[in-house]
Amino acid sequence: MNFLSIFVIIPLLTLFALYFARNRKQINLIAATGATLLLILSGVLTYLYLNERAMGNDSLMLFRADMLWYAPFNIYYSVGVDGVSVAMLILTSIIMFTGVFASWRIDPLPKEFFLWFFLLSSGVYGFFITIDLFSMFMFYEIALIPMYLLIGIWGTGRKEYSAMKLTLMLMGGSALLLLSILGIYYFSGGDTMNLLEIAQRHIPIEAQRYLFPLTFMGFGVLGALFPFHTWSPDGHASAPTAVSMLHAGVLMKLGGYGAFRVAIYLMPEAAHEQAWIFLILTGISVIYGAFSAVVQTDLKYINAYSSVSHCGLVLFAILMLNETAMTGAVMQMLSHGLMTALFFALIGMIYGRTHTRLITEMGGLMKIIPFLGVSYVIAGLASLGLPGLSGFVAEMTIFVGAFQESGTLQRILTIVAVTSIVITAVYILRVVGKILFGKVQNPQHETLSDATWWERTSVVTLIIAIVALGSLPLWISDMIQNSIMPIVGKLMAAL
Amino acid sequence: MNYSVFLQLHDELSLLVVMVILLTFDISVSIRRGRYIQPLAIVLLTIHTLLNAFPRDAFEVAGGMYQYFPMHTYVKTILNIGTIIVFLQANKWLNNKDSMIRRGEFYFITLSTLFGLYIMLSAGHFLLFFIGIEMASIPMATLVAFNKYQHKSAEAGAKFILSTVFASGISLYGISMIYGTTGTLYFDDLLPLIVGGPMQIMSFVFFAVGLFFKISLVPFHLWTPDVYEGAPTPVTAYLSVVSKGAAAFVLFTLFTRVFGNLIDEWQSILYGLIIISITLANVFAIRQQNIKRFMAFSSISQAGYLMLGVISASTTGMSSLVYYVLVYLFSNLAIFGVITIIENNTGKVAIKDYNGLYQTNPKLSAIMMFALFSLAGIPPFAGFFSKFFIFAAAAEQGFYVLVFIALLNTIISLYYYLLIVKAMFLRKSDEPIERITSDIPARISLVICLLAIVFAGLLSAVYQQIAAYSFI
Amino acid sequence: MGAIFDNFGSGVIPLEGYIFISLIMFFTGIYGFLSRKSLLMILISIEMILNSADINFAAFNRYLYPDQMEGFFFALFTIAISACETAVAIAIVINIYRNLNNVEVDSLQELQEPESTETKTEI
Amino acid sequence: MMIKEIIFYILALVITVFSIMAVNSRRLIRSATYLLFVLLATAGLYLLLDYHYLFAVQVAVYAGGIMVLFIFAILLTQKPGKNIRPEPLLQRVMAILLSSAGLIFCGIIIYQSVNRVYHYVEKVEIPVKEIGSTLMGTGKYEYILPFEAISIMLLACIVGAIMIARKR
Amino acid sequence: MEYTLYILILPLLSFIVLGLMDTKWKPRVAGTIGTAVLTIVTALSYYTAWEYFSTANLNGTYQKIIAFNTVWVQFNEYLHIDMGILLDPISVMMLVVISTVSLMVHIYSLAYMKGERGFERYYAFLSLFSFAMLGLVVSTNIFQMYIFGEMVGLSSYLLIGFYYTKPEAVAASKKAFIVTRFADLGFLIGILILSYYTKTFDFGILTSCDANVFASFSGVTFMGASALSWAMALIFIGGAGKSAMFPLHIWLPDAMEGPTPVSALIHAATMVVAGVFLVARLFPIYITFTPEVLHGIAYVGAFTSLFAAVIAIVQTDIKRVLAFSTISQIGFMMVALGVSGYGGQAGTGYMASMFHLFTHAMFKALLFLGAGSIIHAVHSNEMTQMGSLKKFLPVTRWTFLIACLAIAGIPPFSGFFSKDEILAATMHFSPGLGVMMTFTAGVTAFYMFRLYYRIFHGKAYQTTNGHTPHESPVAMTLPLVFLAVVTIFAGFIPFGKFVSSDGAFYHIHIDPTIATISVVVALAGIGLATWLYRRENDVPSVVARKFSKIYRAAYHRFYIDELYLFITKKIIFKRISTPVAWFDRHIIDGTMNGLASVTQWTSLKTKGFQSGKVQHYAYVILLGTLIIAAIVIFI
């Protein structure tokens, strides 16, 4: 059994254990144990990975293992990680961990909630560790479908509508993906599904012209690519706290990760040729999401549109097709994952107290619930790219990287994207000013209690991660950059 | 006249033995004792299945009238398993007052339609084939009308027999013209003789209609929802998986082996039919309120996906097709199992009756949901794999646009499958279906289906076994 | 139909003659099936449809492929099949009659698309 | 051989006319009678083709078996002397349109492509013994398998039909 | 000189500790820790200054010393953000200024903020600000400067919004952050352009003005200006935002919503001069490659200066007056930089600018702290509620007067020396600009003394409900006195010895003509103010009525804020965001929902197809057969 597979196995074991849990205490205990194990495991993995690299192992993917699965289609269960996957695994573990704590008092049906939650996580982990197109796709879909029930059962507001919309749109994306995976498989010779091996082949450019947009759009739907982002506001608004966290924090990253790992890596020629189309779309995403967020009054909508903007930046950076921007993209995935999770966690906690998410109905909460208030400010600052917090490093890496591309379109779009930092500031400060500062709007809010220990655990973990990433970024950006180099090398060779 | 050749027909002979034993038993025992026919039938059929589960070398009997390929063993085993599961699920329904007296007939007729399917599968001659297909459909009508005092069942029987005979009339006319243009009815002899030309194409189309009808592709599907709704639920289950699966497989072998030279024609026919079948069925399924009717449209759309395997006309296509049938069988039977249990206990078949089912019957609704996910092609359930493979088979032959359309339709299908899930899990009901204690055989059937849904995909051995004997 | 008239009186009945008779019978049957109200009338039409194919088989066999008796046997078996079919169909019709007290096809309207209760559902 | 031709055309006329009458008659029992004529005329065609055995089977099974079933069913379900109400005109027109379209379509195609190189052999009759041995043979162009199969089918149909038709 | 690192680390630690502890410690402990840390930092700064100016001099030129440097983020092989400490004359000078003023404010606040809710938080933020500002001035590269600039902006935001329950404070903090952020956008883009062509962020390489480094700029133009000009102009926008240059000045007056010591520290002495410092830092590039941008800076500075001075005349909130005065004085500094040349005598402007920065920091801090003392006493910002306070607040009055004289440019107070150099440099560059700046200096003298008289003289103080104003405690007066002393004597520091455009010694010499003129003009301004405001009379209101339009316009700050409000609320909010959001919900989302609705609609409308009539089914079957056959055969 390969070391990496443990990442998939632990959630499944947790699932199994949860099935026998009797009361809420046991359920929480099991879930927390599973999540903690995963967190520890990802720490160990990071250590091992860096160690291995330090030892001079410079193969593309480490901890490789292949297990033949479906011989007629050359499907293997192949695993392997590079710096990008390790970064994503850390992110997932952190968010799983905090997500479990954030849903400590989930109601009703706590057992079912965690069952689906862990199933979803096993899909996410699987997606990040596999390098076989089929397995990747399978895990991708495993990660999507529990969403429906998680939102539909434990959500709020127009949950049925949102859940259905989200599921259908994401499945629409995965339909495009399935087609493109088949196309990649057959046009690359039809004898391997392994990413690394396909990367050695040459897919005919005529095929790439169709497959690249399919793949990119397929992943783009999950990455909230304009105009396929509309599931995001509704979905996030209706989802329960932990699900919003996991979804915005990790699942949306699947899109970016896939776009970069599959679309760009395997089809560099078409990427060069068609980048401009998607650059325009992502550029629109960035600015459009930000502007939309400005006028929203529901906290979750604000954050969802903000996610559209930030995730747009991820895809935008990937499409710049250079090393710096791509590193920035991965950093942005991490950073956005952490801070948006923090946001959603806090929104959930605030909502749990005030029973409203409308910023017009809140005010002066800083005085009443200072812990949550301060944490919200920190999340906001991370979101608007304050140095020392994660957002800054990621965004700057993206902007500097994007600016290295000298095409007129890239230039213009980069400058347009840069302007988003101002708009981000506008909507973040608007929210902070409205809900935390000022006078208390609702006298009933005067008696709210501040965060409980599990909520503190969740929030503090995320804040620590955000600060750590923001103030000491070098080790992780080095790790990512080293893994991106081969991909960029292939891109350069395709020019 | 060496009749020892019959001994080679293991499958048919042992099924015949089962049938004869059951008939004899039914005739000879009293009604009260008659309840033993149920375990007897299941056990016998299981033994029959196990005995014949191992492929042999290919052979021909009666100058090619009967042809055996190792693949047939798998297909027949799949049909057997489907039948066993249907028997398990039918148990409780057959024990109620109305149908108790007709128990023996149910088993006998079901098995004789199965026998018809066997013949249809292994036929190497149009005559045998035609007899097979008729044997699978005409007695079927009596099963559809099994609840003969219920208006719906009787009406469904009438509709079924009328439309099936109409379709086989057209088909028969087609066969006659095939004969007229070629002079032979042996499949192997026909292949070089069918070369095109208006009359052959026309006769081919006439003939194919009979099969399209059985698989219920649009526009030959109109009987399906009515019959599915009216027929007793186990019969619907049988119709939707066993006879459809066999017909799909036969369609593949016939099209590739007999009409191989008309590949351009039938590929374009199927191309159109797949698109309209999947799309139209999906559009219709959305608005259904009766779950059996809903399943009818679902099965029409699934038939469209099945045809993706046929249109690819490759060994991959065949193995994907058979695998798809296998997975589809388990998924569909799981759903029908739940429907049967609920219908037997409460008589409710409307989708809105399923509101809040999870609160009262968590296990039933969970199984139902897994099966629905499997049908929709959601991993890790087997349906995901079967869908992937069948798309892969079509894509391998370059049908990318078709695969794309089919994929877009999977979204709609996911939508309506989720409607059921929504009803069971998300909705609350004022008067939900009460807690149901299901009968043991039905439970066994559900467990079998569930295991299959989960493991048929994850364990690649199933597919690889099938792939090993695929031919074209 | 030129051949029929051209060869008239030559002593050989043209094959087309048989084929066209069968065609006419086939489509007359279809007409009956499509237009008549009584289930029994529909069954009668079906008989004609099935019967018409038999003529084809017999004629083709005799005219074009007299070496083997494939068409002959096919016709033979088809007769048996149509007998089976008729038996079952009539049983079902009688069952319908028992249930509904008539055998009109218009009575078979219980099973159809229901009127939808909700005009527009949100997804 | 004019006589054969004349008989053929007479039979053709009978089949055509009675077919149409059978499907158009307002009374079931008449329809059944017309159908009987059609079937008998068909049997006549077999005779003309020198398929005597087929003729015999046609007469026995159709005229003797199936028609009886029909007549029973008609008598069982119809009140004597009562006509069927006429169908809606639209339905009939549509049916006529489709059937004639089909007729023309198939007719044209068949006419264009039917093989006119006949090997018509004046074989007086296929001996019944030969028919019997072919029916029972296991070789190529011998039909034991369909024979056995259809026997099971008949059994199944009878069981089914009885199950449906009997009172309980 | 690695110990300089502690200058940064200590305030950061103080921030973290105080921030985490929050209310767990007593307020006194927090204040003590903050002040103690700042004391150490100040000592270190002074020591650094002493050591630097005594050792780094090589052949009459001060060397740049990199005391510490580490790579923070690596973008690619040549672009990386470093974190480091660069010591050169201006950064050392800034260290001294910042730590001094900050220390004073820390001490002052012990008394001023006593009993306020969030006292601990206040000290934590002050530490954060000190850290950020100190980090900014010692930046070794432009990106580090940007980073610390952002953090300065953050701490400014937090401190302005310190009274977060006050809606005005929240709005002001938001405005400050967003406006400076907007300016930083320009800064960032400028950095991106600059770094793209020069392949470096490093100040050392950039300010060496090596032609090779800038070679790749050649021939790159955009809209008629060279790319380098664009870059430098955009970078200046960043500086302009921080330094409140027109039209980005609007945040500064509002920022007065923060506690007064904060205004003294951030919005008078330190943060607002960051822009000046930035231009000074990049001065070699400006002067070598893009003099036209530099001249543009001069004109912007001059306009801002006059503009703010005019507004300051009519404001009635004392902190607002001081704020506009600050804007005006920063304008002076910008002008000085803009008109400066490089090296030797030509570099007067540069030296003067830095000198003025130094002296201004001291006396403006003094003014603000004095204003704080007054507000502390009367609990109001409005001049109209003051008058004749001289007998209540003697220390405050005298120190305030000293500061007013300094800012007015009366010798021998420090302001005279620095301002005189600026006027000299301006006059040398362009007489017209020189006259304008001299006039502005006169206006400055006028409004400062208007302020002074209206607070300490004029109408008698109306005591409200028995409350009599009294002098502030020692903790507050001590910094006042200290700063007053510095203000008196700072002018005699041989500043040119330490700071000059090229690092070489520069001897300050006063041009008697210009000095005389400026003193006369200042005195005229003071005289006018004395005439109008020394005693209560109705001349001011008569004048105001006479020029009512101008008066009202100036009082409303020439409606710039309204313009901004219009742009943000009407254009961005109403004309962009709302339609975008609507578009998203109705068009984009509507399309997706529309697809679903169309499917459902089709589903409902096609039900007739499934009629339940078996003949209809057969009809369709046959029709289908015929159509398929026809299609396949004929097509």
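Here are a few things to note about the model shown:
Order as written gives the chain letters A, B, C, D and E; numbering starts at 1 within each chain.
Please note the rule applied: a contact is a pair of C-beta atoms (placed from the backbone, for glycine too) under 8 Å apart; a residue touches a chain by one contact, two chains touch by 3 or more.
Everything numeric in this text was worked out from a predicted model, so none of it was measured.
Among the remaining chains, those touching chain B as well as chain D are C, E. Of all chains present, the one whose mean CA position sits nearest the global mean of protein CA atoms is A. Two chains share more touching C-beta pairs than any other pair, namely C-D. Here the spacing of chain A and chain C, counted between their Cα centres, is 63 Å.
The geometric centre of chain A is 37 Å away from that of chain E, both derived from CA atoms.
Chain geometry summary: the mean Cα position of chain A and that of chain B are 42 Å apart.
Once the centre of each chain is set as its mean CA position, chain D and chain E turn out to be 103 Å apart.
Touching two or more other chains at once are residues 593, 596, 600, 604, 607, 610, 612, 614-615, 618-619, 622-623, 629, 633 of chain E. The set of chain A residues that touch two or more partner chains comprises 160, 164-165, 168. In chain C, the residues touching two or more other chains are 19, 29-30, 33-35, 42-43, 54, 64-65, 68, 70, 73, 77, 81, 84-85, 88, 91-93, 95, 108, 110-113, 116, 123.
Those residues of chain B whose C-beta lies close enough to touch chain E in the complex are 158-159, 162-163, 166-167, 170, 198, 201-202, 205-206, 209, 213, 219-220, 222-223, 225-226, 265, 268-269, 272, 280, 283-284, 286-287, 412, 415. Residue ranges of chain B in contact with chain C, taken from their complex: 126-127, 130-131, 134, 138-139, 141-142, 145, 148-149, 151-152, 154-159, 161-162, 165-166, 169-170, 172-173, 175-177, 179-180, 183-185, 225-227, 229-230, 287, 289-290, 415.
Here chain E touches chain D in the complex through residues 615, 619, 622-623, 626, 629-630, 633, going by the rule given at the top.
Across the complex, chain E meets chain B through its residues 596, 599-600, 602-604, 606-607, 609-610, 612, 614, 616-618, 620-625, 628-629, 631-633.
Of all residues in chain D, only 1-2, 4-5, 8-9, 11-12, 15-16, 19-20, 22-24, 28, 31-32, 35, 38-39, 42, 45-46, 48-51, 53-54, 57-58, 61-62, 65-66, 69-70, 72-74, 76-77, 84-85, 87, 91-92, 94-96, 98-100, 102-103, 106-107, 110-111, 114-116, 118-121, 123, 126, 131, 134-135, 141, 143, 146, 150, 153-154, 157-158, 160-162, 164-165 touch chain C in the complex they form.
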